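Shared between the two complexes below is chain A, which has chain B as its partner in the first and chain C in the second.
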Partner chain A sequence: MRVIGHVAVNVFKESVRDKVLYSLVAFAALLIGVAYLIGQLTAGQDVKIIKDLGLAAIATFGLLIAVFIGIGLVWKEVDRRSIYSLLSKPIRRHEFILGKYAGLSLTLIVNVAIMTLAFYAVLAYMNTQFSEASRSVWPAPATDPGMLRAIGLIVVELLLVTAIALFFSTFSSPLLSAGLTFGLWVIGHFNADLRNFEAVVESKTAAYLARGLYYVLPNFAAFDIKTQVVNALPVAPSYLAATTAYGLVYISFLLVGAVVIFSRRDFK
Partner chain B sequence: MSGRPGCPGVALAVMATLMAAVIGLQAVHERGGGPPASDAPEFLYVRSPEAMRRLALSYQSLVADLYWIRAVQHYGGTRLSANPDKRYELLYPLLDLTTTLEPRFNVAYLFGSLFLAESPPGGPGRPDLAIALLDRGLRAQPSKWEFAQAIGFVHYWWRHDYEQAAEWFTRAAKFPNAPFWLTTLAATTLAEGGSRGSSRILWEQFARSAETEALRNEAVRRLQQLDAMDQMDRLRQMVDAYRQRGGALPSGWIDLVRAGYLRALPADPAGTPYVLQDGAVMLGRGSRLFPLPIEPQRLVH
Partner chain C sequence: MAAIRTEALTKHYRVGFWRPRPYVALEGLTLSVSEGEVFGCLGPNGAGKTTTLKLLMQLIYPTSGSAEILGQPVGDVRMKRRIGYLPENPYFYDYLTAEELLQYFAGLFGYAPAERRRRAAALLDQVGIGAERRMQLRTFSKGMLQRVGIAQALINDPEVVFFDEPMSGLDPLGRREIRQVILQLRERGCTVFFSSHVLSDAEALCSRVAILASGRLAGVGRLTDLVAFQARGWELVVGGLDDAALAHAKMTQLVVRDTPLGDRRYALEVPLSVSPERAIAELTGRGASLVSINPLRETLEDYFVRQVAAAPHERGLGTGT
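Presenting the complex of A and B:
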């Protein structure tokens, strides 16, 4: 466990050295810039749009970090041949993989946490720009803590994307890993269509295949409750728990797969 | 080729010079009036809301926001354009996309219906589409009495169909959490539909229940239009009185001031002076209250 921790901390330090946290500056600049400019364009929907934009930006910045760092986690060590010196140390292969995953997860969580703080700060400022009468008709307060539910599921989604990227990076090139990870992420949003495929095709085989894919492929659409929280719609705690559990089990599956593949790889 | 780094001061000076050149060329470009004028119409690449809903992945709300901003800009831009043939061709498709991507975008239904119903040149004059949009909103949120009220409103203000309006106000009153005044509004509409007084009550209630500052401002603008209509009626009476007394039409407001009918040049509630031309009293075209609505006729039973 200690070894995993060491690897994780190193991944985190490396991502800081690689200026990943610069994304936070871009995020803050985007939100503040839009908050400043948007007033005249939206017919009174500023706060709603900042909420939508903030949540979407947290998800997008996180997604880009998860994919583009995730795909290089293993590949970089192989490419730089540092994998040989690493594996000659008392680090077992599964510790290496899990440590890498934990490190990137830590980077993502820190990123999302800071972005969330900036997001709430911008919303708190915007809150002061409206009269009490305007605020009274909003579906939820500007700094509604209920939005943390959506951010929580975004974190689980990002951890899942990281696991997918890491899984692919154990056996393929960065370009292919990025393509496959993005591909799965996109397909994962069409899960409902796969489920209802039998309504649009006559072939029973195709329908069964689509149904099979529906169960097997990651259901990314399930993690998206941004619209619900912005509109202050109820989201049952049981839904949050079940979706989080789904994400964690899927992550475990991918990490086991990544460990198995990486353990069998021959680096001679 | 030497790998030795050059003097950073020189590089910065070169960069500053180049940036100054870019700014200068941009200014030349601006003075030239920008790119040659194009008469290409505004274009909507994806018209199918269902296709866009899929393409938007997990960004449906954000894409809905972008379409909403585009709808507001399209409406405002067309309304303010100098083109006499104002078309609002993209307005309904944009609102359709917005509300399909986010079926709970309440302002898009409420404000969008006002945009759609507005008579030309202030809008496309499509109360039918306004009602269709609100009807979709009602299907998406069946407990939202505001949509039923807004449908009644479109029937009242733009279709001048007071029976339908009263029916929708009555229907809205039966929704859970509907305010008590909807029942009164329905009764007033049936009894006095078309009168300026009942129109005023309607907009006052609209302002009171408005979900956003922008909707409230729109209601205030409408109330100011009604005030302007009252003021213009009084001004017409003064013009008539002046003509009967002197036998000639006043050449301008100054004649009425000199004759003691007015203390100062009359301005509408938005602050723009009224126009007096050949004895006719009109709203200034530059006024934000222009054009005034076609006044509903009183329902005759």
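Presenting the complex of A and C:
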């Protein structure tokens, strides 16, 4: 555990020095700029636009960080051979993988936390820009804490994306890993369609195949409750719990796979 | 107890994309290195030295055979607490400073932060990294990285260290400093296993060497044993030798080669078939004076060349296709 934590802290340090966290500044600037513009242009209910925009931005920035750091995380160490001296130290290969994963997860969580703070700060400012009357027609208050549920699921989704990127990066090049990870991410958003595939096709085999894929491929659409929270629609706590559990189980399988592959391979 | 033991250690790679064929990187290496020994692993490029070290560090898995360090199978973490390793052309996290890198590695051994700093500072002093230790490693030159590599290999006061070409990339001063480091390790009773193609390093440091060629062990033993029995004759340096006397000595096969050193001084090679006493008597009898006499040994260099020439170069496995 101590060794895993040690590796994780180093990953975090690397991401800080790689200026990843500066992307947050860009994010915050963008959001504040847009909020200001909207405040100037519109007369009323458009705090919803900020909410949509903010949540989408958190998810997108997080996705970019997860994929672009995740794909290089292991591959870079192997390619540059910095792993040679590391693995001669008292560290097991699975500790290396888990440490890398924990470090990137930490980076992501810190990133999302900072973005969330900026997001609520902008919303609080927006709140002061509108009259009591226009506020009363909003479906939810500007700084509605209910949106944290959506952000929570975004975090789980990002941790899953990270695990996918890490899994691929234990055996393939960054370009291929990025392609595969994004590919899965896209497919994963249309996953639900596979389930209903049998309604549209005649062939039984095709229907079973679609069913199988539905269970094997990650179901990313499940993590997206942005529309619900923005419109203050109800989201059952059991749904949140089940989706989180689904994500964690999926992550565990990916990490086990990554460890198995990584533990057997030769470093050229 | 042997510090390092390998038993028929073998590594084959599969090369070729369409029809992969096995390629012998290392074949049946059986070696044993005692505790406290400085052991050199010599061989030309592609001989299998790095392959051997990577197998010992379990960076690659053997095709067959096995290896032990300090009585434990390679890969054992408790054993790894007691060893150090310098990879070939080391590369480290370029966003860390030299100091941070060493402290990071020290942390993997579980040392407390103050102890990490102390060890890092002492080792960087020892390998001659000064104020640069606060700079990111991306700015380091090859030789500086090599020095950092040596420092990181020693972070845990190892009992056995593995150096893959420790002298590579170092300037003459650096080579001398690293020789000093290895000699200090030897004095401390540390076992050192290093690879090199620089023979003078091996001659200066090793108690025993192994010579690899084309992935196979071509010879192993004490340096003096490998070299001494190969005495080729004697080198006499004489003064006051005139042309007639030299011509006579050459004609009678007393001398097989002469190198003029100027002012009628000559370095003469006397073959083993002639006793040195007779050669001296004959030459001084003709008016020459003896300056010095030395046995002409085969150098490690010659041995090396001969072993490599004799070794089989075929590295496929003869799969009969």
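Brief remarks follow.
Everything below uses one rule, namely that the second predicted complex is superposed on the first by the 260 of 268 C-alpha atoms of A that agree within 3 Å, B and C clash if a C-alpha of one lies under 4 Å from a C-alpha of the other, contacts with A are read in each partner's own complex, and residues count from 1 in each chain.
Quick note on the criterion: a contact is a pair of C-beta atoms (placed from the backbone, for glycine too) under 8 Å apart; a residue touches a chain by one contact, two chains touch by 3 or more.
Bear in mind the structure is a predicted one, so any value in this text is a computation, not a measurement.
Upon superposition of the two complexes on chain A, no clash is found between chain B and chain C, which fit side by side.
Residue contacts after overlaying the shared chain place A:124 against neither chain B nor chain C. Of the two partner chains placed by superposition, only chain B is touched by A:230; chain C is not. Shared-chain residue A:241: touches no atom of chain B or chain C.
Of the two partner chains, neither chain B nor chain C is touched by A:200. Residue contacts after overlaying the shared chain place A:14 against chain C, while chain B stays out of touching range. When the shared chain is aligned, chain B comes close enough to touch A:220, but chain C does not. In the superposed model, A:189 makes contact with chain B only, not with chain C. In the composite built from the two structures, the nearest CA pair linking chain B and chain C is 15 Å apart. Contacts of chain A with chain B, set against its contacts with chain C after fitting on chain A, share not one residue. Chain contact summary for the complex, chain C toward chain A: residues 54, 57-61, 77-78, 80-81, 83-87, 89-93, 95-96, 104-105, 107-110, 149, 152-153, 162.
Listing the residues of chain A that touch chain C in their complex gives 2-3, 6, 10, 13-14, 17-18, 80-92, 264, 266-267. Of all residues in chain B, those touching chain A in their complex are 54, 57-62, 64-65, 68-69, 72-73, 102, 104, 107, 111, 210-216.
Touching chain B in their complex are the following residues of chain A: 41-45, 48-49, 52-53, 56, 59, 130-131, 133-134, 137, 186, 189-190, 193, 220-221, 223-224, 226-227, 230-231, 233.
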